[in-house]
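Each of the next two complexes has subunit A plus one other chain: subunit B in the first, subunit C in the second.
And now, the complex of A and B:
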């Protein structure tokens, strides 16, 4: 059963320069308790997709059309009041920069208990106890002491743990993690990923993992969505995407990163470049968005906007050159 | 073996802090604490470590952009520990030999100067040829770094991140240096652009026989570009070796943990990850003994008392650990 299904989501930003098509017909689905990785470069629309899903797109941005089915209900039809019951409770989100997403004026326990009390009938004292328990779960040393501290007294890794504790405190069905480890050092990143996977097992929470780091995706995700210029260009299981990528962009992306240990074993191979830059979201033409940078593009690609074609259950690709799985 | 291009001996950079209220003790941030390394002509040294380990300060002090507190720096056997004490001509000549590329291509270019000015000013300062020669050189540089001639009259805001980093590289190249320090040169860029810049740096190195010091936190990038690698932790070099040795037989527990922490883009790889406990301690008050002892999985009593020294562990392989 799909806990989340996004259908033809379009989010646009109407500004003086024109209309930016940040999310352009995105469809994706996620099963209960699964980790879905969304990968793409900056400007690919991955964060805006998450914000649209949470109902957090602010003007000049606007969700223009599409459906966001969560457990059968379209979140777009809910009122702001109803949405508040979902947000933080059934779907919660953690952000890239743990410093700016915590309130610097509130003690840790007040930030967490505020949310717990909003969604549950629980006394302030009990919510404080619960907060300490949650901090213990995310392996913060001396949770009683830390609960009474302010965000600036904690390190980056610890702040991100607090964010995770807060996000999981109402036992949500989906956790959206938008580049949760990008601002952290690698050894701290390893701790946080390990923690997220452990908690996922414990709570059976589905994780929508948004990142540009292919390594993180390979490590944590079961299914992967590759985004480019506001569109989904390929979806599949993590093994399909990494072993047998179908879309030229996915292929190029995988070849463009240096892989740890590769040069030490073999000679240095030149990294594959993707020529040019990501297209301007204001002036997307009536052709494949990757057309200008694609090594396989030809005249036909210039004339047609390719559809996302599902070639197998849950696996799809947006390329007119794709001839089926074995071609 | 010939003399190294750059030799750094026992470099220390300590930043003084404000005295605490009613305290007589002066306190310091031990950003770089007694490190030594050398770079040969045409060679790449990678300096890796987590944020706050002092890798950027080390790079900046080589260029005298931050004054070293102690130790000595030699460039082609000339003492450059304090460039400002040298005669002006001499200092200018040395500055020309060593250039830097910064991490953030947005804040490191003057927004009010056109690309042509950005590239022209350094050459003007260093009296490199007539206006005509300089403008020919600009043309040549633009082509080398993959920008077009018509870009010359544009301003930084008109360029993408990758293009800006190309401008930073062109600016560094304009003075024909022999050493370029790259302080996280690709970490602000998208992956598809990273590959372009890494390839460009490697091509230029081959063409101009440049020596690089590449400072980065991304070990996969460093492995790809560096000949030798120094791993830093809390202001100290904990391990230094040929790139192959670092990746195939790391000896220091920190290097081992760092390598195992990096996510590899291959879902079939299931690795035994060494998870380090806690955070990096503050460089204001580093732990006694081995600076890594608070997080080390192999810690014994001696680590809390005796500070290990960097000792030879193989051909060109140095490590500072009691048990390596």
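And now, the complex of A and C:
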């Protein structure tokens, strides 16, 4: 059963320069307890999709249309008050920047307990104890001591673990992780990912993992959504996406990643960059968004806006040149 | 912390010393002295009396001797004797300090009490008529010259409406305090409102505010627990520095409202070339400025856990 189903979501930013189509008809779905990876370059609309889901898009941004079905309810029909009950409690979020995502003026335990107390009837004292317990679960050494410290006394990796502890403290059904490892050292990245996976097993939380790091996706996701210029260009299982990518953009993305163990001369391949830049979200043309950068593009691509074609249950691709799964 | 405070207090000494020296030199090279100015510009003392007076006040001695004499007193906390009045400068200032502190604190209260909420409302209702209205008000508040505003208030509330006494201390009663405090505080309030607005807007764009919202907290709680404190850190310096210069601005207000404080004493003493009084007043104003700054720095320690003084 799908715990989350986003249908035709459109989020736009209305500014003086015009309208930026940050999220343009995005649909995706996620099963209970599943890890869904969302990949794409900067500016592809990954984070805005997540924020739309949380109801945290701030002006000048606005969710214009679409449905966000969470456990059968369309979150867009909820009032702000009802949405607050969902936020942090049933859907919670970890952000990219652990250094700035915690309030510098409040102790760690106060930042966690205010959320626990918001969603549960629990005394302050009990929430402090619970906070220490959560810090222990995310492997923070000396949790009793750390709970009483301020964010500036902790390292980036530790702060991100605190964010994870906080996000999981109300036992949510979905955890949105927006580039949770990007700002961390590689060794810390691995720890944080392991931690998230362990906790996922423990709590059966579904994770929406947003990242541009394909390595992270390969490691933890079951299904992958590839986004480009505010649209989903390909979806599929992690095996399909990595072993047999259909969309030229996905292929190009995979070719631009260095592969470990392929350093001998015979096997070494030159890394390919994707030429050009992400199109301007203000001036999307009436053709395939990837047209200007696509190595396979021809005249037809210039004339048609391709649809997302579902070729198998849950797998789809947005390319007019796609002929069938083994073409 | 205590060590830090002691250190800061010790730093006051060279500051005060430098200012006293500068002031002494400047005031003494100004044309005219107590003998020519004591009766106002028009009436001149005859030569003999002036000579006697100079001798009596020690004005016949060279400048550096006079300064040494002055600094000796200053070390002991003695600001000297007024040239023209019978009281010592210490006594004069002691009498005048209370009204000045009253009017300054009242102005601070008005400025902070209205400025911060106005700035908050403006920032939270950004782009609405409330924002526009309060910011137009704030710009006007900053731009209106105090003496003009004071005169207009006097005209309206005393002459036309007869609600408030136009001038005077009135034994420190509240009705007498309202107009001078408001006149003094309005520019300060406008400045605080603008600074607060900018600070709130900055804080609202911070990542930790987004985190707070993602926890499901209501906007009210987010503002109270997360926006407010962080905004205070950004505006505290402005509030403090401006309060310091506010005490200096009492010069205009006190003259205008015949308020018997340090400011009006300072103005009178300048016109009369009563140098010890002028110096005393300026030193007190500077002392207030220094102490306010110290208090502000200490307040940072209370609000912001990242700041610690050693």
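Just so it is clear, the second predicted complex is superposed on the first by the 322 of 327 C-alpha atoms of A that agree within 3 Å, B and C clash if a C-alpha of one lies under 4 Å from a C-alpha of the other, contacts with A are read in each partner's own complex, and residues count from 1 in each chain.
In the analysis below, a contact is a pair of C-beta atoms (placed from the backbone, for glycine too) under 8 Å apart; a residue touches a chain by one contact, two chains touch by 3 or more.
The structure presented is a predicted model; accordingly, all values stated were derived computationally and were not measured.
**Q** Identify whether subunit B and subunit C fit side by side or clash on subunit A in the overlaid structures.
**A** fit
**Q** Looking at the overlay, does A:103 come into contact with subunit B only (first), subunit C only (second), both, or neither?
**A** Touch partner of A:103: subunit C, not subunit B.
**Q** Touch test for A:203: subunit B only (first), subunit C only (second), both, or neither?
**A** Once the two structures are laid over each other on A, A:203 reaches no partner at all.
**Q** One more residue to check, A:253. First (subunit B), second (subunit C), both or neither?
**A** first
**Q** So which one touches more of the residues on subunit A, subunit B or subunit C?
**A** Greater contact footprint in residues on subunit A: B.
**Q** Taking the superposition on A as described, I'd like to know which of subunit B and subunit C A:322 touches: first, second, both or neither.
**A** Once the two structures are laid over each other on A, A:322 reaches no partner at all.
**Q** Would you check which partner chain A:191 touches, where first means subunit B only, second means subunit C only, and both and neither mean what they say?
**A** Only subunit B is touched by A:191; subunit C is not.
**Q** Of the two partner chains, subunit B (first) and subunit C (second), which one does A:118 touch, if any: first, second, both, or neither?
**A** second
**Q** Can you give the closest approach of subunit B to subunit C, taken over C-alpha atoms and in whole Å, for the superposition?
**A** Nearest C-alpha pair, subunit B versus subunit C: 6 Å apart.
**Q** Residues of subunit A touching subunit C in their complex?
**A** Interface residues on the subunit A side: 54, 56, 81, 84-89, 92-93, 95, 97, 100-106, 114-115, 118-119, 150, 152, 163, 166.
**Q** In their shared complex, at which residues does subunit A touch subunit B?
**A** The contact residues of subunit A facing subunit B are 41-42, 141, 155, 157-158, 185-191, 193-194, 212-219, 238-239, 242-243, 252-254, 256-265, 268, 270-275, 277-278.
**Q** Can you name the residues of subunit B that touch subunit A in the complex?
**A** Per the stated touch rule, the residues are 50-51, 160, 162-163, 190-196, 198-199, 202, 217, 219-221, 223-224, 243-244, 247-248, 257-269, 273, 275-276, 278-280.
**Q** State the interface residues of subunit C toward subunit A in the complex, per the touch definition above.
**A** It is residues 206-208, 210-218, 221, 225-226, 229-230, 233, 303-306 of subunit C that touch subunit A.
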